[in-house]
Amino acid sequence: MAKKIAAFGEVMMRLQVPGFDLLSQASTLSYSFSGSGVNISSALTRFGHTGYLVTTLPANSVGDAAVSYLRKLGITQSFVVRGGNYVGMYFLENGFGARPSRVTYSNRQDSSFNTAPDGTYDFAEIAKQVDVVHFCGITLAMNDSVRHHMKCFAQAVKENGGTVVFDCNYRTAHWGEDGYAKAKPFYEDMLQLADIVMMNENDALFILRMETDKENRQEQLMELIPAVARKYNISVIAGTHRSINGDNTHSLQGFIFKDQVFTFSRTLTFSVYDRIGAGDAYASGIVHGELERFPAARTVEFAAAAAMLAHTVAGDTPMSSESEILRAMSDSIGDVER
Amino acid sequence: MAKKIAAFGEVMMRLQVPGFDLLSQASTLSYSFSGSGVNISSALTRFGHTGYLVTTLPANSVGDAAVSYLRKLGITQSFVVRGGNYVGMYFLENGFGARPSRVTYSNRQDSSFNTAPDGTYDFAEIAKQVDVVHFCGITLAMNDSVRHHMKCFAQAVKENGGTVVFDCNYRTAHWGEDGYAKAKPFYEDMLQLADIVMMNENDALFILRMETDKENRQEQLMELIPAVARKYNISVIAGTHRSINGDNTHSLQGFIFKDQVFTFSRTLTFSVYDRIGAGDAYASGIVHGELERFPAARTVEFAAAAAMLAHTVAGDTPMSSESEILRAMSDSIGDVER
Amino acid sequence: MAKKIAAFGEVMMRLQVPGFDLLSQASTLSYSFSGSGVNISSALTRFGHTGYLVTTLPANSVGDAAVSYLRKLGITQSFVVRGGNYVGMYFLENGFGARPSRVTYSNRQDSSFNTAPDGTYDFAEIAKQVDVVHFCGITLAMNDSVRHHMKCFAQAVKENGGTVVFDCNYRTAHWGEDGYAKAKPFYEDMLQLADIVMMNENDALFILRMETDKENRQEQLMELIPAVARKYNISVIAGTHRSINGDNTHSLQGFIFKDQVFTFSRTLTFSVYDRIGAGDAYASGIVHGELERFPAARTVEFAAAAAMLAHTVAGDTPMSSESEILRAMSDSIGDVER
Amino acid sequence: MAKKIAAFGEVMMRLQVPGFDLLSQASTLSYSFSGSGVNISSALTRFGHTGYLVTTLPANSVGDAAVSYLRKLGITQSFVVRGGNYVGMYFLENGFGARPSRVTYSNRQDSSFNTAPDGTYDFAEIAKQVDVVHFCGITLAMNDSVRHHMKCFAQAVKENGGTVVFDCNYRTAHWGEDGYAKAKPFYEDMLQLADIVMMNENDALFILRMETDKENRQEQLMELIPAVARKYNISVIAGTHRSINGDNTHSLQGFIFKDQVFTFSRTLTFSVYDRIGAGDAYASGIVHGELERFPAARTVEFAAAAAMLAHTVAGDTPMSSESEILRAMSDSIGDVER
Amino acid sequence: MAKKIAAFGEVMMRLQVPGFDLLSQASTLSYSFSGSGVNISSALTRFGHTGYLVTTLPANSVGDAAVSYLRKLGITQSFVVRGGNYVGMYFLENGFGARPSRVTYSNRQDSSFNTAPDGTYDFAEIAKQVDVVHFCGITLAMNDSVRHHMKCFAQAVKENGGTVVFDCNYRTAHWGEDGYAKAKPFYEDMLQLADIVMMNENDALFILRMETDKENRQEQLMELIPAVARKYNISVIAGTHRSINGDNTHSLQGFIFKDQVFTFSRTLTFSVYDRIGAGDAYASGIVHGELERFPAARTVEFAAAAAMLAHTVAGDTPMSSESEILRAMSDSIGDVER
Amino acid sequence: MAKKIAAFGEVMMRLQVPGFDLLSQASTLSYSFSGSGVNISSALTRFGHTGYLVTTLPANSVGDAAVSYLRKLGITQSFVVRGGNYVGMYFLENGFGARPSRVTYSNRQDSSFNTAPDGTYDFAEIAKQVDVVHFCGITLAMNDSVRHHMKCFAQAVKENGGTVVFDCNYRTAHWGEDGYAKAKPFYEDMLQLADIVMMNENDALFILRMETDKENRQEQLMELIPAVARKYNISVIAGTHRSINGDNTHSLQGFIFKDQVFTFSRTLTFSVYDRIGAGDAYASGIVHGELERFPAARTVEFAAAAAMLAHTVAGDTPMSSESEILRAMSDSIGDVER
């Protein structure tokens, strides 16, 4: 049954060097607008839900372009506030084989989203209108004001009986020195409010400073995730293990921990066209599975296939419909579809 | 020795989304003009023959663009009729890895070719001027009027002592419900007139409803193809088995059945850039081998290499010369040719 | 005050040759989706209203691309039906100076919109939800089924107290031989239901076969338009006179006839970048002026400025906001806006 | 009645910087293949004749691309020889307003055409097959070997009763120091063999060193052209006067001198998109008029309109059909053609 | 004689929407790097001088791209410091005819240049190595820290006997409310240090709050400029009057006031391709004239022609050589240069 | 410690067909400027040295574009002479999988570099200013005049105590028939002057006609290279063995022979994006290692990693910094760098 899902987050302008040129070689860029919230909201819209974005964009031509782009992605605009001055930006230079992709950020701290004053959003009202809200750890790294928005919004949703999804998504570069220590209290706040959490054993180890004497990733995962679920009272924890192979392919296995049980997807190995945003595709698959009350095995396979397909389309934002993902869950690769 | 070869078929406008974008992401298309007949006629021109196309194109700027494009491919225009209103079109979204390519057709039924009235073509005259004529099962799927053209043309060529090539090329989407049953009588008509036929065991099983108790593809092939040759009195039957691998490569093995003997090519495995039209490259290799009286082994290796190279060039239409194909028949992959 | 405006009409895919190449010179096309209804609905959205489109699009990737594009333009999708098989298309080759632009249509008759069966739209329900509905004479040229939809929809809106806008927009090529005679009864049906009509003296003379002994266009206009308003009981009639100058500029003067009074805009002369769709910009300016109860002089100047600006942006669809149009109504041309 | 026309000349590769960038600003080029002979042959093909090119192109991938391009333009390939090593090239940077366009040549002297040895072409055989042959003064500037080819070819055509067209087209840069003196004997050779000559008073004054005491261009023209016709026994002399205006427009008036009578076209003023090759469009209009036995006034207006339209299309080579030129000979500029 | 000229200023990344699309229509941008200092330094390099830039750029891939671009423009890199985090950016949407171009800035305040700490530049050392230094009023609008750099640098140059050029270039948007009042003291500081100043009567009236009872611009100019020169002890004041015409052309007249004498250029009217940066072309023409000791009339005509040509090339930065400007100072517009 | 390194060589214009189209399919080219000398000089600049190029370029717009491009690459222009008429060019059609890339040269013999007269370069002066000079065997293939330049330059450097690097780089196509025999004396001249030589056993066998009874490449290498070093008194000889795999990957192992000891790099296997110029990346890595006095093992791993990364960037010229190469020397492939 179709639900109403709001994501809270910054809209970033992605400025991508075409092909495999460096920024110092090329003279054109392709641009699009994305962000974890954008990706989640749009992906869930493609699965038949109504996706909203709670964000702020400037009232200038860059903001207009962002709004047009979000509309194109199918995101309902009701909770997009116009104000402030800037859209956060990042430059993307595509890697090839042995040369990794490179992201260079412009100033995000002064973006409309990150400078939106108290009272910008009517969280009480929004919380009444939506079933689920999604937050991302990247947002948590921004500043006190944004963190305050996040917490207020999550609380409002909880009070209205809604579901809170939180994706840990810790980014070293954003937290700076002693980042894990700085981040811990804010992460704990969000975990306490969250129903569905995206994370893996590294988040438990480094952010939450939990301890284990296991050395193998899988064993660490199986010890720490249940502990996290218990400590913060979280219904569902899901995440992935990814490895990057030498031949432009990645391997990815998803897991979900629910009702005290771990369920793992098959390990998928696939060619990668655009890696950015694939984590959001996985998260949206988990959320969709939960909303549709899929069995855990189906949820985790669906999420993994959604993530795999997200590596094959251009841009940060997943573009696959539910039926395309279901088809990709079968083993064989199809010939041209006519 | 250079021969005169006419292909009968529709010219389609191919509208391709650049790169790996979806039609809902992009804003530009690249276009070209193709079709089985175009591909065969052009490929044989590159092998040193004179290729004609027997088709109808509208007398407007889309038709003009098609004619220019066919000329660029080296196709002699003498038998291209101008009339009717439309060119059939298809949109192509390139797949990547786990995501298959997707073809979306516009209305073909009202194209100039598919609405060309009786008497459009002077088949008796054309038959006098050409040595070989090529037909394709896709054309057979269109409508009664086109099927009538096909049969008349094939008969005229037979009466003039020419060679009739027929590629079964059954497309499920074009025949609709109960397609095999609908298609059978028309296929039988063409098989009875044909000297060289492109097909494999599936065509025998599904279209011609032949039976076998073999379960393995190879065994089915080796039982059914001789039966087809016998029943319809066909000199040469050739075809391929293809498999699609996970890493953007395909594997392909060709066969030829002639003088009661099967000859198989090596199984080639190769990276795929543009899969569409590769079957026509194989067919043109078989026809060229037959016209040049290559030994069967050389013919089938030549056709397989031609098909392999057709996967490495942009567009539906094969672009390789005879010498390039001969070079590719050797095992090693060359460095930059300077 | 913001109103709800629905437009009824076909979505066309515009396939434009870039720059000033001919279709037989180029190899790429840029594409967008437009149509009178699209243009009107989007333009009024930019003026602060809520614009809907009542149309049918196929459930395939071309239809998906169209829906994405309409969303990008800000059009609310509630009344877009998915069904049928095709999107109508046209190719555009840009003219330059002495060489006129050229439009070549693909088959429109089999588009999803033109083949939508009875009962496709719930006009009674839609009529309850909207304040204004817009129809275009191009749609009237299509076929009986579409004309029947139009009439039902217009009647439903009238019954609900809504406003009916009708743009005569007679296209010779679509009506064929004896076109004016064929068209007349259908135009009369629509005029009888319309509150606001876009037309000029030529429509009265040729479609409605009204007579005048005046020879000068302006005199014909001033005699015939009041007669039309009287005969069909139309509140507002508006239109333009356009002339095309040798130096890539056009001149345009708008008029509005309302409450028995003619009001004319200044004659604007301006450089032309993209002429297509400018008439819809004018119409949307008139509708906006009426909805906002502008004085007639302001309405007609606003509409003329909207039309002028529509000639300066790429694509069929007007992109100007109300404030940009108001700024353009002043005389001087601005330097770079920083 | 359709004639067979051969042009003798070099095929140049045009490498054009897109838009209005300089070569030191851009990173891409668009390429095409042209040359006076290409332009004339293609233009006359569009008027319904059969156009041949007598030239030499290398047997490598640049030569293949040239051949494909010529075919696309409709030029019959029978007399194209493959040999030598290079294609002549020129870079084009588009001017804008006060900044003139700039052409930079690569080495032409070593092109396949300019190094083709004696015996490359079977002029006796070609002369039997064609009605008209076209030569250009640019070719005359190349080297002795090419000049020898030209003279042999022209003589062979005369002997077979064909028509020789010669376009003086003197290019200062190609002849170098004392160019006029060097050029004179070669020009006189060609004039003595020519039936139709493209030139104006400057060619008479500077190349042929004829004298006049008139100072006004028009008076010089009217004195010198009849003298040239008499001295070299030329049936038809035609040419243009061009002026370049400040606002990206040019003005052009054509003349034809025939049967002792001057006929002038109207002076056309028009916006210029691509100036290169427009002189060849004029020449092909004159040749067509003569072949079709147009009255002189129609011939000169047709040629002038052909030249005007050639300024509005991309590339060196005229793209207009006879009917498009006839339409452009009327005064009014049309709206979009649908 | 070739001089060494340093410009002090921010490098901006220009992100331009191609063609005439809006940012909300397009999906690609072309980028380049510019700024007043870049433009001046590069233009003077093209005139044969050695141009330096004194600026700060981040040590990331955007900074690398900027450095590469500056090198391409011929700017000597010795005084470019790498540090800070960001490059200032602006988006440019090209206007057309009645629709003005639009510039949207990203955050400049946090750019590497605008956050460079005290001691970043060794002004004493730089001042020893250069003959002339150029400053721009846009830089003055940034913040106290940058203004401090400017003043220190100008003083160091004065102390070393160098020439200080100051272009008033007041930008309303950058100074905010009460901008003129805020700006006045800083402008006065710079005027007192400057030898050559770019300004016109509006700067005197609005920034310097000088008074006149003249109402005509020309009369105001002729009264106020000498007063400014006197008050601040400035050797040379130069500037322009520009008007924007309806047909995509601008008119521009330059003046220079020197040795108590006004000299005016002809009024040039020309088609405009890229208006941005043309003021810097004018300033570089004035500086070059002064350095080369041109007579005033030649200087002002040279500067005006340099400005005119700068409107005809893509990008902010002038691309014309001295000889191209001298050629453009003659009246006639040339045909294609071969 | 940063050194001054000059490379002597021709600048070529690379004209590349975009994507995987053939020259006869496409209509645009991307261009850049390269050559062994360009690649070496630019690569060493990126490692912190100062790179010069000793070459000649024409004083026209193609030469200007080349100079701008070299500056962009960071190459110091002091020793670039402007003269002659042409820039050598080559067309590049990218191969895919089984289809090899194809290079087609334009006329190089008449390039400015290859026609530069005696006395063009002041080698005595240049030799005083640089520490190292690099020569390439491709240059040696050109003509006597260029070979004379090479030898003079190498001698001058030796006399000044500088280091001479010589890359054998034998190209069959350039030397023509009996090429090895023709080449031998010139190669021996250079080897006698060289300190660091790039070659492998094939150069010893075929150019120097040395003999061995070993049949295995590795054994041949280990026997012949020490013999070469001894015979020509060379301090360092380095080179690679490369193999081309079926899946668009190459494998490459580097060696260095120094102080009588062979050191080998690991065999690297990597995906290939642009193979051209990778040999120059290897050479520049060897030179850098020697200049920085790396241990041999580090030098050869550094050079091999530099070569690997050069296969992953667009264009002939290596773009990697020292730190990027050091990072690539570790085993694991990184995720997106943010």
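Each chain gets a letter, A, B, C, D, E and F, in the order it is written, and its residues are counted from 1.
Definition applied: a residue touches a chain if its C-beta (ideal position, glycine included) is under 8 Å from a C-beta of that chain, and two chains touch if they have at least 3 such contacts.
In this text the structure is predicted, and so the values were computed from the model without any measurement.
Novice: Rounded to the nearest 5 degrees, what is the angle of the rotation that puts subunit C onto subunit F, matching CA atoms?
Specialist: Result for this pair is 180 degrees.
Novice: If you average the Cα atoms per chain, which one ends up farthest from subunit D?
Specialist: A
Novice: Same or different: at the subunit D/subunit E interface, is the fraction of residue numbers used by both copies above or below half?
Specialist: different
Novice: In angstrom, rounded to a whole number, how far apart do the mean CA points of subunit A and subunit C lie?
Specialist: Each chain reduced to its C-alpha mean, subunit A and subunit C end up 42 Å apart.
Novice: Give, as an integer number of Å, the spacing between the C-alpha centres of subunit D and subunit A.
Specialist: The mean C-alpha positions of subunit A and subunit D differ by 63 Å.
Novice: In subunit B, what residues contact two or more other chains?
Specialist: 22, 24, 27, 68-69, 72, 102, 247
Novice: Could you please specify the touching residues of subunit E with respect to subunit C in the complex?
Specialist: It comes out as residues 19-22, 24-25, 95-103, 105, 171, 173, 242, 244-248, 275-276.
Novice: Flag every residue of subunit A that touches subunit B in the complex, lowest number first.
Specialist: Per the touch definition, subunit A meets subunit B at residues 72, 247, 249, 269-273, 308-309, 311-315, 319-320, 324, 328, 332-338.
Novice: Per the contact definition, I'd like the list of subunit C residues that touch subunit B in the complex.
Specialist: Subunit C residues touching subunit B: 15, 18, 22-24, 27-32, 60-62, 64-65, 67-69, 85-86, 89, 91, 93, 102, 104, 106-107, 110.
Novice: With touch defined as at the start, can you tell me which subunit E residues reach subunit F in the complex?
Specialist: Listed in rising order, the residues of subunit E that touch subunit F are 68-69, 71-74.
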